[in-house]
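Notes follow the structure.
Chain nomenclature is as follows: A, B, C and D, assigned in order of appearance, with residue numbering initiated at 1 for each chain independently.
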């Protein structure tokens, strides 16, 4: 697969997962949040898929940036700007690369993370999606450095995301709406972090199938 | 789900369409951006006043678009800040020579959408300013959050800048007035039941028969702490204590007192709370100069109420009592 | 019981005290008779307009006392007609050279209290007349009842005679106008939940999660029949069909359309119903000349709504749009 | 006991029963009514008891009429006028009798019944308190004619009231708020009829004790 096909596949997986998990993600956001996370993501990615075929695919970077613009302009709540920024920054980091190396994917994820931190004025430890994104990127970097194949590296990354998302349960929220409940936010996982884990697991699964097929 | 709803995804658009049908002469509805605006806006001799926020707080804010109030409101979906696009397009449609004032309740999502929308509008030569409202005393530790939430006190900022803009005030003057009102406004809320977002179809959280949430915001999220349900007078006292001691409001002050229903509580109960709060303020030497007992900023069908105080001076009182029009028909 | 209440026996007096405290300049409260009256009433050059009924319907009727509306309201306890005494004493306090017009919703208890109170007042030389409101199409078979109930349509009779009395109309003219408005007014209500009277402390009846009561009145009693909960549009259609075909309202008619919340339903949902009803009226060639979407006559905290149509002519429309004042603060 | 003491005893029993059964009577009125019946009666009779000692006791008729005036002027809902009228009419029928014969009590009850019918524009079969009052009065009349003693006659009357109140369950309401529900009013007893039965049973019980004591 070339870079455009790869990013297309990943974005599509994200969109499908967000739409299919609307209720689950919303329920997670209900515990100490306001319950709209699943709805916001699902509606936003539905809109992305509506215009899917018309998105500029000149190169992978452009494709990602265009997706980021749709997401940040059409998704409401905190998630629109946060996720949109992540896509925009990843697209910028990707540029017009024809093939995506493991190192490049790590760089794109790092760029997305930096974008979220800047946009959300948040950091690791605040009990947000960053608490899944950062550990999983760290793990991916390790795997890539150790010379692992794409499939194995992604599987390891998904495992790390799941573990990190589960671990947000013991954290106290310091950003986002959950933060208003203070200590009461302890005991339930962060909706955004869990969404990242579920999405990454999905990518890992479908990547295997896709890889087997292609 | 005990609601009048068709497809939950159409909850907000159908409500907005209803508002537009009910007010054909005074309001305009732009479906693409969830936008309700005055039919006669923008007025180039007046700063355009725009409020964005999630939906589910009605009559805030789509039903207080009108002369002397908002020029436009662009809500997002239920409890979700509007997408940046809506903010940007609204600013373009409301573009005025005197500028566009964007009123924002202090939440992460709203602030991001408005910051980004404002930047984009400015890039097209539109003068836009943001005024942030943060009146909720329930949020105590601001290092762990983006700071206090904007809740029902928001109404007073809208009313004041709405009136002043009608009288010709320029942007700097409106920012001064809006910030001044926000600075003397404090709110505390309590929920007796959780609300049911239409897309979720069930309550956001569970509350026992003898429990209440003290210190709730307006997005159906749980509050500062769960407490035992008490008598109305005791609840009024607790809300009042939290609010009065915060600014603080002192003996000799003249205030506006608002008891705001959160959606599921009938107005009869609001007056029971009002009675106690009014009497307790009098005990403290604080005079109620103007009273507000109604639903102003709700959380869908949540049973509950919030108490807001605004310290009045002649300027603020004049703006609060200035004539206005809203799409809420009392008679 | 998820309510702001102290001693349930003080529910009504404490609410009335709250109303009085919130409106010190315009309203007067007479605790002995649950009486809320205009501070400047009685006016000897004006017929005094008085409404009695049970409590629990707020803002009806104690919060619509004001210029161009009621001169006084004397409610009984929650869902109980006022004792005869209250009616009699109210008539005495509101005594005017032009007479006292007693507006009564058509219920056994209310009619008896007002008939007896009127008789006693007349014995003291007070001219008093009774005007009965009965707009509820849910009550079909009048041989088995005292006839149709007076429900939210009551508001239009109050507004019309309130405006006309302000303009100097005499008693006969007011009776003509009030009866005329009542004759062209029809209402149908539906409940999604039962309400909780404070003295009972639990809901009046049980409704399954997917059930609704079609054809409810305003006293928390069950309706004409229990039905499956449906989409908002379907419910609006059913209410509208029941109302439109009753008078009937015909193509070419111009109407006022009211969607009245029963207490626990947020205004956002009322606009979803309004949208559909407005569109369906248009399909039938009926024009909405004036819209009302709010809480006017509630059943405590009941989730539900009623739909009212009034056939307009120039006279009625003029009276409905005449200026008025009420103790309901929108801004 | 003389007539004043007797009527005083009966009214007091009615008041106590109404106050003690507030919740029960209210719940009965909740089924197809609006639930305020127990509250209205209890508050009204509380007010009667507040001024109890000051009520004119020149003769039994006057005493009853004064009670009727308090009741009809201070009890809200349908019950105020209905019950007040019943007391007024019974008082008028009683007059200044020094002792109350069984025949006189029957006449007083008949007068009360006629008053209720006139005031409520209602009749037997409408599923109201009349459907307990009329059968129990019929039964009392029978007993009196058969020469039964007061205690036995009252016990029989109470039994008839209970039976008749229970039987209202199969009726369709044609008067009062319950009538709006039409056929749905079948299957539950009428609150007013049951109140009459419970009160009469109470009078029967306490009459026995009182009788034993005096």
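Everything below uses one rule, namely that a contact is a pair of C-beta atoms (placed from the backbone, for glycine too) under 8 Å apart; a residue touches a chain by one contact, two chains touch by 3 or more.
Keep in mind that what you see is a predicted model, and the values were worked out from it rather than measured.
J.: In contact with chain A and with chain B at once: which chains are those? Just list them.
T.: none
J.: Going only through chains that touch each other, what is the minimum step count from chain B to chain D?
T.: 2
J.: Taking each chain's centre as its mean C-alpha position, how far apart are chain A and chain D in Å?
T.: 74
J.: Averaging only over C-alpha atoms, locate the centres of chain A and chain C and give their separation in whole Å.
T.: Those two chain centres are 55 Å apart.
J.: Please compute the C-alpha centroid of chain B, do the same for chain C, then give the distance between them in whole Å.
T.: That gives a centre separation of 29 Å.
J.: Centroid of chain C to centroid of chain D, CA atoms only: how many Å?
T.: Taking the average C-alpha coordinate of chain C and of chain D, the gap between them is 33 Å.
J.: Which category does the touching pattern between chains fall into here: line, ring, star, complete, or other?
T.: Its topology is that of a line.
J.: For each chain, which other chains does it touch, given as pairs?
T.: Every touching chain pair, ordered by label, is A-B, B-C, C-D.
J.: Which of the residues in chain A come into contact with chain B in the complex?
T.: On the chain A side, the touching residues are 26-27, 30-36, 39-40, 43-44, 72-82, 84, 119-121, 172-182, 184.
J.: Using the touch rule from the top, collect the residues of chain B that touch chain A in their complex.
T.: 9, 54, 76-85, 88, 107-109, 112-113, 116, 138-139, 141, 144-146, 149, 197, 199-200, 204-205, 217, 219-225
J.: What residues on chain C touch chain B, complex-wise?
T.: Those in contact with chain B are residues 2-6, 11, 14-19, 21-23, 55-56, 58-59, 63-64, 68-69, 159, 192-193, 209, 229, 231-233, 235-236, 263-275, 278-279, 288, 291-295, 298, 300-301, 303, 305, 324, 326, 328-331.
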